[in-house]
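Pasting the structures in now, so scroll down.
Below are two complexes that have chain A in common, paired first with chain B and then with chain C.
Here is the complex of A and B:
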């Protein structure tokens, strides 16, 4: 029997909600192990734990204090969700003009591993429950969870047609045709640069990928080493076969590109071994 | 001055909430509710493309992203002048309904039920039901290991349901509820791809057309859920409400008698007719439901950590500018008011406005309607949630019948260079409003007032307590070391703090300064 815990920083509880989705297998797994601390039970004092899942980005001093304590008490830490892995949506605060920023004590919004070491990364906003569950189970039972090194495109069932050459459309600008690749229809879709594992749930329901699982391994390890230019590069290759000029409409997309992985500078500054990838590659 | 106790954070709710209560003579004399997190999503949205609002606001909360996404879509629809096709309206209703079901089940079973049931009573179960015996085996294994998580520990109370048969059945339902919640989410993802943080609704419509296949898949899950809600959820609530030890909770926890419902689930394309009607009730005068006037909505920041210039504004003009130095501040939650009065929002408010037969019958069976003055406390709030879950699930079947495969699902409109919009919907936890101002095709201002902002709001400029604060006054707390009744009362509102604000700040001296005053 091992101790499992969860800790929450600045987050929306979406990752917890996603994990609970698993249902019966989760209840069975937890009945074999023991919960040490979690927001779902009454007991929240941080105590020794074998595996701790953390979600949310580090928002302020209090988050940092909890993170350090969790790190001290836990043997292994799983960072779940784009906030914990990349800073996520809250980190967009960093983009605000400085006069509109919140007081400095409230404006860190950094990924968890900027403060404490992390053993396993599970990106996604939120990560699908089964992937999170698999990561937890794997860590508890000491096997390596599946590494999703492929992109959303490889899971998407939409057909590729003639390459699109005109201007790009914003996500809701016109009605996309069912069953045909979004990029070929002129919609920017983050599929080619986004980590898979989600069964392409968005593109199969008529909406283009917004990259919530973060960059794929190819992008992370690319020589350009800037998320924005990398994504642009790979998307233009998979559409026109040529490197595209960053048109005006594409630039407008910067918000969506960076919705979950805003911290381009952080990724740039991180040493390569600290890039958020799964365990076996470290 | 009575004895002060603080509960920080209140557990088994969504987000971080701190409650300070003053206890005198075995009862709560006064209460302060502090939202101790800050996220400021509204600031993030300034200058962004209006279509991004929906994806961003969904991330305000991982438990009710549906409500935010839907409110944001209606908000944009209003600003763009969309005429929503029937299919899109129905699919939005169906998916929001599925979200209500999962949220209500999650709240009652996984967040609130353990306040009423003694889990150790399962060990004395002597019946012969195989499933319950299996559960007993699991729990006794945990008990032998001296580890009853996630069921224990918690505040001790002498009045838990401890009849072995009943307690075992209830704990069994706790486990079943995980599966039921999963079913509700599966149902949702038929149209919306995935939950939380879905993709299926966009300004102007939805992205997934109805087909015979997905209607069938939806209906098969819905039928199973309807059966479970009828036979298990509603019955469990009736059982708990009938426990004689809990009689005081029928009236204790009344929030002051002001109720507000924006109304939800449109039944025509303009949203004039709603399945859950719009209305306002003042001073517990439940027979006199007044029409809602949007102009009377304001936000007070007298005791919130925001700058003075944010005071008293209509949400469409609202500002979110933090001021941590404010002496009178004790919360990151603003105080929304209707006609300068604090209003309770949520299932109880909605059902008091709608008055469905089943709810009226239950209230009269429990003797609530003959009381003077009328009071609706902790248990009626839970009961309203269960009954609402049932009537929505039943109505969803009718909405499924009205879907027309092949008809349009999207009314495409361009972005005007100047426009204002608002989207008022009902989320599982209560009235949710989004307001947008578009200027130069970009977002100039975006404001949200979420249900927990109404319920957990601090005092306003007139000194009126927020609904949760008010409901705590008079709640019996015989032993200050064991404030179980305080958390029972707070949890009955199903507070969701991630929505209301964000960033933990428990040691903020604002709270202490306020206490000295």
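Here is the complex of A and C:
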């Protein structure tokens, strides 16, 4: 029997909900072990644990205090969700003046590994429950969970001919054709730069990928570690027309491109990365 | 524990089996009698602050991440507000698909909330805190937990099939939904029909628990004030045309149209929490959420309506105890399932057109929709290029804040016997929070 725990920082609790959707396999697995502290049980005093899943970004001093305590007490830490891994959507709060933050003590919005060491990253907003469950089970049972080193495009069943005309559309302007790649049709889709494992759940149901699983390995291992650069490269090689420069197009979508990462993709070295423009710069 | 001139303050922190971070402060007089109990939300990200200046099409994507318990409904509310600002009419098939996915989402969210957060209070009320959780129940009654989890899984799969993702889906977009459904998918959804027996059994289980739970049921005083919800033809609805208020004391129902409701809203910022408190005209305190909707009543010809009547015979109408919230959720799961089946059978979801292209225009929009935790309001102001000038959200917690604190104070006066608060006392106080508000992030 091992000790398992969960800790929540600044989040929407979507990662917890995603894990809970696993249902009976989760309840059965955790019944075989002991939950030492968690929002699922009535004791949250941080105590020794073999595995701790953390979700949410570090938003304030209390989060930092809990993170340090968790790190001290836990043998292994799994960072689950885009907020814990990259800062996530919450990280955009960094760009707001403190008077617009509630409470104003929320000021950091950093990924968890900015404060404590992390053993396993499970990005996603939220990560699919089965991936989160496998990460937990693998860590408990000492096997390596699947590493999703491919992109969303690898799982997407839309036909892609890389024949983009260079003309771009916003989603409100027209209806995408079913079965054809969004990018080929002139809709921005982040599938080529986003980690797979989600079964392309959005593109299979008519919505372009917004990159919630974070940058793919290709981006992280590339020279610039840059979503912008890799996306630009992909669009450049797949565009047949010359109507518009892709740089100009991507400028318009910069908020969307960095919705879950803000600026720092996931490598420990904190690579150089193109920063989204601040409100003042716009 | 803090000591001040006026008395002592005891803090219960962290609260467990709730999403989000919060605490309860209990204020004692010098002779150690409870004066007041306060529920304090310690964190609220207010994501609406970050969408200002962004293209409005990002708002549903971002705001669905405000809170997982209500996420999909925030996406819907945001989409409707933008549609109103731009003067967009959504095709009928898109409306039906929105209602279908919303129904499934309500059912799934309520079951998750009941199973993992609320059930231990009723199934193991006298147990040690170390085993008072879903795993503790599973060890003694694995069949019922398996059954509930199976039902939950069926709803999650159905949402994923239609909307792609069950949490933070991009399915609801301004102008309609991202894609339609084909006959194959509809025939897959018919499998949900087989859940009727399971749902009935789960409700029976809840009723049995409540009957044997006098320690939980008898604490505090009956709720006073009002309950309200979005309604259509007098019945609770996800995004109906009006809002209906009724009094816990049993006076006649009052129906407001949406514009009257919005103009009656008054925000108050509390000094001791980061949450806002919203009151609606003279209807204060007022409760929104599952308990309120169950009290407003379901169509008596429906399965949920018939089951509700049986419950009202036992516990009276309206449900006026916080502890009956779990039963209200159970009834609403049945109603949501039933509505989903009605929509699937009606074939109104099968249609070519599920999205209308449109241009952004300068304007303002407001939407009022129900979420599992209660009424949410989104108000947006757009510039002529579709960028967001202003965005405001009112959440169920904002509406429930006054009622929750009154109820909490009453429970505290009833169960807390001194400044050394024991496990059972704190459990009962936390149950009040879990019952009257399931979202606080």
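What we mean here is this: the second predicted complex is superposed on the first by the 234 of 282 C-alpha atoms of A that agree within 3 Å, B and C clash if a C-alpha of one lies under 4 Å from a C-alpha of the other, contacts with A are read in each partner's own complex, and residues count from 1 in each chain.
The criterion applied here is as follows: a residue touches a chain if its C-beta (ideal position, glycine included) is under 8 Å from a C-beta of that chain, and two chains touch if they have at least 3 such contacts.
Only a predicted model underlies this, so the values are computations on that prediction, with no experimental measurement involved.
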Inquiry  = Once both complexes are superposed via chain A, do chain B and chain C end up clashing or fitting?
reply    = clash
Message = Contacts for A:17 in the overlay, against chain B (first) and chain C (second): which applies, first, second, both or neither?
response = both
Inquiry  = A:62 in the overlay: touching chain B, chain C, both, or neither? Say first, second, both or neither.
reply    = both
Message = Touch test for A:30: chain B only (first), chain C only (second), both, or neither?
response = both
Message = Quick check for you: in the superposed arrangement, does A:89 touch first (chain B), second (chain C), both or neither?
response = both
Request  = Scan A:1 for contacts with chain B and chain C and give back first, second, both or neither.
outcome  = first
Query = For A:205, is the partner it touches chain B (first), chain C (second), both, or none of the two (neither)?
reply = both
Ask   = Of the two partner chains, chain B (first) and chain C (second), which one does A:175 touch, if any: first, second, both, or neither?
value = both
Request  = Tell me which partner A:125 touches in the superposition: chain B (first), chain C (second), both or neither.
outcome  = both
Request  = Pick out the shared contact residues on chain A: the ones touching chain B in one complex and chain C in the other.
outcome  = 10-14, 16-18, 20-21, 23-24, 27, 30-31, 35, 39-44, 59-60, 62, 89-90, 92-93, 96, 100, 102-103, 106, 125-126, 170-172, 174-175, 178, 198, 201-202, 204-207, 210, 212, 255-256, 259
Message = Help me check something: in the complex, which residues belonging to chain A touch chain C?
response = 8, 10-14, 16-18, 20-21, 23-24, 27-28, 30-31, 35, 39-44, 59-60, 62, 89-90, 92-93, 95-96, 100-103, 106, 125-126, 170-175, 178, 198, 201-202, 204-208, 210, 212, 255-256, 259, 279, 282
Task = Under the touch definition given earlier, write down the residues of chain A that touch chain B in their complex.
result = 1, 10-18, 20-24, 26-27, 30-31, 34-35, 38-44, 59-60, 62-63, 66, 88-90, 92-93, 96, 100, 102-103, 105-106, 125-126, 128, 170-172, 174-175, 178, 198, 201-202, 204-207, 210, 212, 252, 255-256, 259
Note = Touching chain A in the complex, chain B uses residues 9, 11-12, 14-15, 37-40, 43-44, 46, 48-49, 51-52, 55-56, 59-63, 65, 106, 110, 138, 141-142, 145, 147, 149-150, 152-155, 175, 178-179, 181-182, 185, 189, 191-197, 199-200, 202-204, 207-209, 322, 324, 410, 412, 498, 502-507
Request  = Could you pull out which chain C residues touch chain A in their complex?
outcome  = 14, 16-21, 42-47, 49-50, 53-55, 57-58, 61-62, 65-69, 71, 108, 112, 115-116, 120, 129-130, 132-135, 138-139, 145-146, 149-150, 152-153, 156, 160, 162-171, 173-175, 177-179, 274, 355, 357-360, 386, 423, 427, 441
